[in-house]
Each structure stands twice: as structure tokens, then as C-alpha cells.
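Read from first to last, the chains carry the letters A, B, C and D; within each, the first residue is number 1.
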Amino acid sequence: MTTPTTPMPYDRSLTHEIAARVLAAAVAEAGRNGWPMSIAIVDTAADLVAFARMDDAQTGSIDAAHAKARTAALYKRPSKVFEDAVTAGGQGLRLLGMPNLCPVEGGWPIVRDGRVLGAIGVSGMRADQDTVVANAGLAAL
Amino acid sequence: MTTPTTPMPYDRSLTHEIAARVLAAAVAEAGRNGWPMSIAIVDTAADLVAFARMDDAQTGSIDAAHAKARTAALYKRPSKVFEDAVTAGGQGLRLLGMPNLCPVEGGWPIVRDGRVLGAIGVSGMRADQDTVVANAGLAAL
Amino acid sequence: MTTPTTPMPYDRSLTHEIAARVLAAAVAEAGRNGWPMSIAIVDTAADLVAFARMDDAQTGSIDAAHAKARTAALYKRPSKVFEDAVTAGGQGLRLLGMPNLCPVEGGWPIVRDGRVLGAIGVSGMRADQDTVVANAGLAAL
Amino acid sequence: MTTPTTPMPYDRSLTHEIAARVLAAAVAEAGRNGWPMSIAIVDTAADLVAFARMDDAQTGSIDAAHAKARTAALYKRPSKVFEDAVTAGGQGLRLLGMPNLCPVEGGWPIVRDGRVLGAIGVSGMRADQDTVVANAGLAAL
């Protein structure tokens, strides 16, 4: 697992207002595309601040969205970093044995002024579509 | 534990739109009162559909709100029914050993046309205040 | 469960320096009394910041100390408040069914300027002795 | 998984004094390098004896440090041995299915006179940096 030489610090001021705004933007983007998804917003401890499951989202997406958000918040990195490492095989496979780490694209830190406030996790469609929705949420930050 | 002789059937049509509307009304009521709370909306399987944690809500309210909603959805009754039974003592104490049952006021079924669609759970203040907020949410149904 | 009408806000600035200082003072007090204990310091999410188990502390004290600290941090109150409610019986018994709530004396919020930074939990001796040690820790704040 | 033909015996005399000394040396080394880390010291049952989380350590490091220490204590080997086996692929991949085994560098047995007293686990930076800090702790033994 590659850790930045200067890890970003945390900022523990993720408000409900911010979380609700990011969530609404993500839900709107998913709706525009007709993608049924679950979307989780968590703080720096990976505790839930806001959550929405859209109609007909696969039930597994509930925990998957939370797991991706947890990963990004707890390790201060997009979950895709871990997906890529696992995909590369070899040493990267060790990540499958790390606690609280879901190595699947769709979890992204919520960053402001170089500090991690928490994370968004999206699940329900293809991983790149999950990321489109997460980015739409982050753009509302 | 009092079970209705004719238990209400489930209706699995709790949409994200309904859940978001109930949640928004509950959050607004809590905000008006200056009460920091967590509010969870779940379906008939007690799986999360919508969730919000307000600023400075005690961290314990996250799981507590979900636990109260779970209780109301899984057992088709307000969680206060179980609180009253535990309070009465004697046979009611057995409820403390029931799975997925939180015997604390604040979880209420979401009912439409005599059918249970899911539940709302509220935590963060006194139990009667939790109920005020839950009722404000249900009134938006 | 009685919640203060104006719940204390959280302050998420519990540093390692503070936690280590509180822990050292508590360990010193326990040592002076010859009491083998476990002592946990947690943040507002109940995640561990510092921990010490003294020689011959009963093994159960590890999780018990953490559970008491978790209770005080997540519910912003001394765990003794919940112990007293359970002891009174009746409605208080419902607390035995609350998630993440250990209703046993020994968990105390770490409060500064009217804000909850986290909590200390102590286990290993009689509850009142646990509190003596917790208070010694808090006095070093 | 390579198992020594003559596995080291356990020695259950890891005192709080030793654990605190090892922990302090590790924290000092991490501090000198400006590395925000979590550091866990466990006994032969992988139960926590001492723990510290430094400011801005990624939240995931709490459980990761414990998991690495647990691995080293429960299996009497550095967790890197398992990382190397997983990296080699083939039969080594089976380790991902072992209970209580985190195959990631950073967990090291605390050994004295050929006996395992417990383990130290470090998490928060690159794996080789985690090891630098663990070694600084062990040097204080």
C-alpha cells in the first residue's frame, strides 16, 4: 500500500449541510442517468452523516456504498487506489487482508483546502458510473 | 409483548421519494427545535433507505436511530410498545433477549392504507422529543 | 434516558498529547493504590486514542474499559447515569437494549470549555475505585 | 506459510512497564520523522496492553495496527512473512482466508531469550516506514 509521503491531515468539520448538498448532487446525477444507486456520506471516523438509496438499487449496494466511503475516509485515499493495487497482483494482493478496506472503485475522500473532511461512497452500477456520480457529488462541495 | 390479533401486512412500495420527504420533514422539525438528532428511514427489511445526522448529534444516535427504526419495521409496531412492556417488568423483561429489538421509544412504522411500508427511527434527545420529530416526519407521508 | 435539554456540543480536538497525559495520571493513581486496571481514552467517535492495561488486570477489563469510554463519548454522559437508571428499574431497564451502551460506572466524558472531546473508561476494580482513577485522569486535563 | 520447525515458545511475562517502554520508543521515532501513526502492543493472546494513536493518523490505522500485532502474536512471526507468501501467489493466497491473519508488513513479535512475549503492530505510513518505527520500539526492549 503506497502512502503519500506527506499524508493529508483531517478536518473534522463535515457538517450536515455539506453532506446533504453533496448527497443531493450525487442523487440528481444518478437520477439523470437512470442509475439506481446507494450513496453514503461519512465523517473522518467513517460514521454515517447522510445516506440515500434510490428505487430498485440492488440491496447489496447499501453496505457496499458504506464500505467504499469507509475505505476512503479511513485511509484518506480513493478506494480505486486499492483496486488498482489488487489488480496489479503480487504484493498488492495483501490488501485483501486489511481491516475495513474495500478495494473497489467508488469511494472518494471529501477534501477541502488539502484536508480530508470525510468521504462519499457510491454503489449500484459499473464502477466507472459509480465514480461519475461520486464526482458530481464532490463538485457540489 | 402485545401482538395485534390481525397483524398489518407489509407493502414494499416505500420509494426513495417518500423516504426523502419524510426525512426532510423530520429534519426540519428537529432544526426548528434546535435538537441535534440522527434520523433513519428503513424499508420492511430494516435496510436503510435514507439517513441524516445533524450537527453535534451524539455519535450514539447513529446506531440508536437505526436500531429503533429496525425494531418498528421488523416487528410492525412502535418501539415504545416494547419499552412499555420492559417497563412493566415480569414477563416483559424477556424482550431484552430478543434479536434486533431495541425497546426504546423513537421508532415508528410508516403505515399507509393499513400496510407497513417501513419505519422511521429518531435518536438524540429525550424519547418524547424523538417522537415529536418522528411524528413530524410521518405527517409528511 | 434523560438527555440534557441543551446537550453539550462536541469538540474534535482531542490530541495524542492530551490523551497521553490523562492516561498517565490515571495509571499513576491506579498504581499508587495497587489497583490492576485497564484504562481507555477515546475520541468523540469512540475510537481509541490511548490505552494501557496494568499487570494482572483482569482480561475482561480491556473491553470493559473501552465499552465504558464508548458509552460516555457516544452519549455525552457518564456511564453512571445509565447505571443509575437501570438500577432504578421500570423504564430504566430499557437501556439494557440500547446499542453501544454499557450501563456501568467508570466511563466519563472528557470535557473542556463545555465541550466533549472524548471520554475515559476505567475497569478492573470496584466501580467507585474505577471512578477514583478516572477522576485522577481528568484532573490532569 | 513457512513455519519454523522448532516454533518459539511463549513467555507470558510481558509487563505494562515493558509495553509502555516499547510504545514510548516507537512513538518517539514516529514523531522524529513526522509520521502520524497508530501503534499497538499486545500480549500472547493478542489482547491489547498499550496503544497510542498520534495526531492525524489515518483512522484506519487503529484497527490495522492491532491487526498486524495480532498476526505477529498469534502466529509468532512477523506479519511480513505472510505478506511475502501472499505476494508469491499460488499456495500463498490461501493465507487470505486465515482467521486473525493480516498479511501486511508492520507487525513484529516481541521476543526475549528466544521466547515470544507478545507483539508490536504499526500502521499509518508506508509499510517499510511502519517497520522502522516498530524496530525502534523493539530496540527499547
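Just so it is clear, a contact is a pair of C-beta atoms (placed from the backbone, for glycine too) under 8 Å apart; a residue touches a chain by one contact, two chains touch by 3 or more.
As the structure is a computational prediction, the values presented were derived from the model and not from experiment.
Q: Do chain A and chain D, two copies of one chain sequence, contact each other through the same residue numbers, with over half in common, or through different ones?
A: Because under half of the interface numbers appear in both copies, chain D and chain A meet with different residues.
Q: Could you see whether C-D or B-C has the larger number of C-beta contact pairs?
A: B-C
Q: Compute the centre of every chain as the mean of its C-alpha atoms, then state which one is farthest from the centre of chain B.
A: Result for max centroid distance from chain B is chain D.
Q: Go ahead and note the Å separation of the Cα centroids belonging to chain B and chain D.
A: 43
Q: Can you give the whole-Å distance between the Cα centres of chain B and chain C?
A: Between these chains, centre-to-centre, one finds 29 Å.
Q: For chain D, jot down the residues that touch at least 2 other chains.
A: Within chain D, the residues that touch at least two other chains are 59.
Q: Have a look at which chains touch which and call the overall pattern line, ring, star, complete or other.
A: other
Q: If you go through all the chains, which pairs of them touch?
A: A-B, A-C, A-D, B-C, C-D
Q: Given the complex with chain C, which residues does chain D contribute to the contact?
A: On the chain D side, the touching residues are 15-17, 19-20, 45, 47-55, 59, 62.
Q: Spell out the residues on chain C that touch chain B in their complex, using ranges where they run on.
A: Per the stated touch rule, the residues are 1-3, 7, 9-10, 44-46, 71, 73-76, 89-91, 93-101.
Q: In the complex, go through chain D and note every residue touching chain A.
A: So the residues of chain D touching chain A come out as 36, 56, 58-60, 63-64, 67, 82-83, 86-87, 89, 93, 95-96, 101-104, 124-127, 129.
Q: In their shared complex, at which residues does chain A touch chain C?
A: 12, 43, 45, 47
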